[in-house]
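Chain IDs A, B, C, D and E follow the sequence of writing; residue 1 opens each chain.
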Amino acid sequence: MNTLLPQLAAGLATGGIYASLALALVMVYRSTHHVNFAQGEMAMFCTFIASLLIESGWPYWAAFFATVALAFTLGAAIESVLIRRLRHAPVLSIVVVFVALLVILHSIAGWLFGYAIRSFPSPFPQTGAAGALLSAHQLGAVGMTFAMLLVVYLFFRHSPLGLQMRATAENPVSSRLVGVRVDRMLALGWGFAGSIGAVAGMMIAPVVFLDVHMMSGVLVYAFAAAVLGGIGSAPGAVVGGFIVGVLENLVGTYVVGAELKLTVALVLIIAVLVARPNGLFGKAVVVRV
Amino acid sequence: QKKYDPGASDTEIRIGQTMAYSGAASIYGEVGKTQAAYFRMVNDQGGFNGRKLNFISLDDGYSPPKTVEGVRRLVEQEQVLLLYGMFGTATNTAVHRYANAKKVPHLLLLTGASKWNDPQRHPWSMSFYPDYPSEARVYARHILEHKPTAKIGILYQNDDYGRDYLRGFKEGLGARAKSMIVSEASYEVTDPTVDSQIVQLRGAGADVLVSFSTAKAAIQTLRRVHDTGWKPTHYLAQGAALIGAVFNPAGPEKAIGVISTAYSKDPNDPQWENDAAFREWLAFMKKYRPEADLRLGSHVYAYSSAKLMVDILRACGDNLTRENVLRQAASIKAVQLPMFLPGVVVSSSPDDYRLIKSLQPVVFDGKRWNRLGEFVSIF
Amino acid sequence: MPRHLFPAVLLAIACALPFALPSYAVFEATLVITYAVALLGLNLLTGFNGQISLGHGAFFALGAYAAAMLMEHAGWPYWATPPVAALLGGTLGWLFGKPALKLDGVYLALATFALGVATPQLLKYKGLETWTGGSQGLVLIKPDAPFGLPLDADQWLYFFCLAVAAALFAAVHNLLRGGIGLNVMAVRDHPIAAQAMGVDNARIKTLAFGVSALCTSVGGALSAIVVQFVAPDSFSIFLSITLLVGAVVGGLSSLQGAVYGALFIQFVPRVAEQVSKSAPWAVYGAILIVLVLLWPTGAAGGIRHLKNRFIARSKP
Amino acid sequence: MSDVLLDVRGLEAGYGNSRVLFGIDLEVPAAGVTALLGANGAGKTTTLRALCGLVRRHGRVTFAGKRIDTLATENIVRLGVAHVPDGRGTFAGLSTEENLHMGACTRTDKAGVREDFERLYEYFPRLKERRHQQAGTLSGGEQQMLAIARALMLRPRLLLMDEPSFGLAPNVVQDIFRIMRRVRDEQRVAILLVEQNAGLALDLADTAYLLETGRIVLHGPAAAVRNNEAVHAAYLGGDIA
Amino acid sequence: MKYGVSGGRRQPKPLLEVRDITARFGGVVALDQVSFDVAPGEICGLIGPNGAGKTTLFNCLSRLYASHSGEIRFAGQALGALPQHRMAGLGIGRTFQNLALFRTLTVRQNIAVGTTCRRGTGWLAHALRLPAVAREELAQAARVDELIDLLHLGDVADAPAGELPFGTQKRVELARALASSPRLLLLDEPACGLNHQEVDELAFLIRTLRRRFALTVLLVEHHMGLVMALSDNIVALNFGRKVAEGLPAEVRRDPELVKAYLGESAAFNQRELAL
């Protein structure tokens, strides 16, 4: 049996997973110029809440949108309660706070929700497409990723709010000087990123199953995908996600075996970055002297 | 005639442990918590011989250097009488030599690597978990007997756990290993999915799938295998063959036909519903671990292990020296633990540290485990 | 305050410590020293040179395995292994610094992160199993004090590590206080201007990477000697992150910061565990956040600030 | 003289532990130009920053009768205070056009914004040529034009200008002063002008203040200040004309 | 023209030769076939409208932009193949239009970085703090102190450079550039943001420096008073092309330049310097 096609399909499906979380990273990067390492855990946390809602009898879509809204609030709250106070702190201090958030959310989730692995429903039909390359859920999740991409892309490209967010991330002082409510923009950026993350989580959970560790693996790949695409570029994140997913599978199957596939995939990604230091779709911000 | 080593006195016995309460293996932290709960129950019932158990369980995050630190703290600062039930192969390996040099009992470890059964060189270390390679040999033998023409695909976790199994399995197949195994695929615990590995194994034409994996990968495997319409005979390591923690989330119908081995009662198996031992266990759990998730498999293990520990200490009487603890641990005579399958007895002798000596091959029918032939002794 | 007073006092206290502490605490103090050496390297790179590394655990692992394999397979004495770890770490760090030149910001962060992620896999790799011990790792033997010194093994190792650490701290201190140190910081503050002033950015950055990896490797080697065990699970990406956290919380761009950071790495998780068994890392995270809010530039920065305030107040 | 638009009383400001302004009193009339002169490091930039709430400040500042010394920067701006900051404050990663859009981001009159775009491109044809270019790659002078244009996009009532001629070619400097005159007259904008080219500034201004190490040491009608001996020597050069 | 080395550019060997330099950024041609010479000891003014390409030319000279066509020779040596950081060692020092100080370093440290290219000791020597390092540092400190005095930076010598007023930062940049003992000094708008008196002082300073350190200066400036007073020779750019070259008195009357750059009536709003 030829495995190339199924491997490609499996790669695309996992790639879609990476892409969806990568989009959340891009969202927060674009609106704050930080890479939020806690993004995955925020998504995991929200997915747990969705799971609780569904278990307590909510219809899927009601739980879905409630979770998206809640994730928005969570994101915005973290920004306005915590990150805001660090506005003048060095970048690495903020990175450390992200790490702190990551371990806090992870630890609290373990404490609240336990360590058992749970199934999470998919909104897409459970067609028994035996033998098909991709399941309905996988197709649906990829579709959802594209939908989010479109929204993020149009938002930043063509909406005044998107422009203000980009400007805020780049130069908060100048933004204030043209009347942008910077605090609100940053909170919104975190909120949107939280929501995207929650959607990503709810699309990922049916595939990888829901537990507190659900995102630790995904985050590594999502980070790689977002950076490969050129952090800050939404299409880049999605393309990056697919590339990482497929690359990893092909390397694992045909080149070095599963043991070193992540290593080799990462080496290849870094090689690409050395040739294109701003990622595939990123553009350099030139600093003139 | 009372005799004491550090950690023991007229009023208490100190027991030390490091456990993965955090980190990638934090699911095993539940074991430590249930063991603590068991000791609490013993104390509530008055302890024994007037002594209370003081159980000090530290978090090592499944990181060996942390284990070293923790164990040294337990032995040198907290002055425990013995180390008990510590989790993980790498972590225990890190303190293996230390415990033996210091002559501190290092008992009932939660790891099934074969190195723990080495009474000559490391008399102070003893595991309580079924030996991984031996279990793997059971599967190998089963395949050789029932499906001698099998084309085998193996999925294993890329660490000492998976590799120990893999080694035992190949030994079990012997000379036929080369021809029968058509593909091996490993995964990392951190891999988000095992889809690619499943595609690879299926692509190699395997009609028998052997998974030496832990819970998460096992669930994903069951689901993926089912969804793609692949129908191999599926052997699954007993640590991941759990109805509540693995089959139910994956969908029990997807696990029909899974073959594994068992030595204890699966609490999510309806056949034990009215079993006295099960009910006692349930009552204990309800009272002392009310927040615990009973779907996890680890509570039964923890309960049995803690009970055995208490039995060993009881057997020591008033001679609570480290040497005596070890002597008692190494001379257990055919104990039937309540939550173990009827017929699985625990025993040890000074030159055989393997406590669990037989396993029951079982097959899952979508609801419960069914015995598959007789007990198999493992050596 | 005379320039050398602070390190001198510190050294004096450090020398007295093992006689005042029980052997377990001496062991812990030795671990603090090994982390401090590792953080010294990270601090040089990330604090002084502005190159972020999310993967310094890799160099720590390199040093640890170099030491362990030399002792296990080649029968080397423990004291001969740190120089080899230094050489290896320095060379590999320098080599890694070459492609890293092209990258900065998140792109460099990813590259180093990848290094950290790949480390345990490489250590487990089957092809190297005969030397690395695979996922089982290698178990070492603890050395006793030589020359019949009246010290137990823990005390002796403490002094051994302290000596190595003091030498490295002194060397890095020398390096950073002169012209080279200025160049290292100039490249961080304004690479274009630095270049125009005649600073060879590429050289400075790769060498900074090399020296940084050298220190961290030595830290790893010492830690292997002290812990007497190496295994892939000890060097997961979590170690790299922990090192970064330590470096930041201790205070970047300050050599003292490395010591504070090491204390944090060694003791804060313990404190957190004592506060809450059920969610220790939530406590850890909370402590981390409080520290960063309190001292955005790390403990070293905070202490400097307090000192300035004190001096300002004590002046009429 | 027209009524006072911006009224500053006892303004103090500083950075960290160091104080820079020690009680400044200042008035800017509506539709008038007020010049603020001072040596290097006197605190001119800090004064403008303090008015906008970019640095910690104390004192009483009223704008159009409303206290603004407690407001956040963005809310001050939304009242109609535009600031051409020192160092230009370019959004380096955005295009020239996006930078201008940002200037108008609080405005809701689409037609007016479109009109202003045309007008500003007419003032600064160079910016029109470069409108899709990443603003960070513009030359220094081009970025300065952009900063001025961006501030004008707000259609402010008060314009705080920190060295508008900074890095501009002589003919562009003349243009800028012409533009300032026009916005003052046509749009009735009040201007607080910090400018090293004191000759031009005093030509345009009605009143002038002289700042020395954080204190106003001299103020009065521009012509009078121009004739002050000390001012003349330091800011204008040569003999009193 | 009291101090000008007039006729210097007719000497057989110019210090700097710029030949047909072209620089492009995407569609923008920032420099288009620019050629000119600068004689040793000369102060050459480089003027032109905003965006004419002056800074770009500086960046080509200090090799910040590596890819350009044409040739630049400094003291007879082609710069094309040399890495950027060698420029300081060859004797080309520069300041920047937009401040480029090391913001967290003190003024003294900033200036000391300028002496990098005069340092011979390496990493190992520093780590072991060999006597040679101490000797070198002593010499370097002397040089730094001299410049601090010369540029009146004594009061702020130990303050972080990023917190100083603009004009002071410009002086620090100048000191830093001088610390490398350059032969050719590239000044990009040094008078920007200075008041009249400060510009006067700057003019005086530049002349003093030239004499004292035998400098050749290439000066970009929009302050016509300063350019006209200082320059021996002026090169004018517009849209990346050289549009005029000659003595200040000639160039200031060039009708095209007046229109494109100086503005009507050629009134130098910055009055002539009293020199």
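Going forward, a contact is a pair of C-beta atoms (placed from the backbone, for glycine too) under 8 Å apart; a residue touches a chain by one contact, two chains touch by 3 or more.
The shown structure was predicted, so the numbers you read here are calculated from the model rather than taken from an experiment.
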Neighbouring chains common to chain A and chain B, by label: C
Remotest chain, chain E as reference, centres from CA atoms: B
Chain pair, D-E or A-E, that carries the greater number of C-beta contacts: D-E
Label of the chain whose CA centroid is most distant from the centroid of chain D: B
Separation of mean Cα positions, chain D and chain B [Å, integer]: 74
Length of the line joining the C-alpha centres of chain A and chain D, rounded to whole Å: 43
Centroid distance [mean C-alpha coordinates] between chain C and chain A, Å: 31
Euclidean distance of C-alpha centroids - chain B vs chain C, Å: 36
Contacts with two or more other chains, residues of chain E listed in rising order: 55, 64, 96-98, 100
For chain A, residues contacting two or more additional chains: 107, 110, 220, 259, 262, 287-289
Shared-contact residues (touching 2 or more other chains) in chain B: 22, 24, 158, 188
Every chain pair in contact, whichever chains are involved: A-B, A-C, A-D, A-E, B-C, C-E, D-E
Chain B residues touching chain C - in the complex, by the definition given at the top: 21-24, 58-59, 61-66, 68-69, 72-73, 75-77, 88-91, 93-98, 115, 158-160, 163, 188
In the complex, chain A residues that touch chain E: 288-289
Residues on chain E engaged by chain D in the complex (per definition of touch): 25, 28, 48-52, 55-56, 97-98, 163-168, 189, 192-198, 200, 222, 224, 260-264, 268-271, 273-274
For the chain C and chain B complex, residues of the former touching the latter: 22-25, 27-28, 31, 121, 124, 134-137, 139, 141, 223, 227-229, 231-234, 236, 238-239, 269, 273, 277, 280-281
Residues of chain D that touch chain A when the two form their complex: 52, 54, 72-74, 77-78, 82-83, 85, 89-94, 98, 101-103, 105-106, 134, 136-140, 150, 154
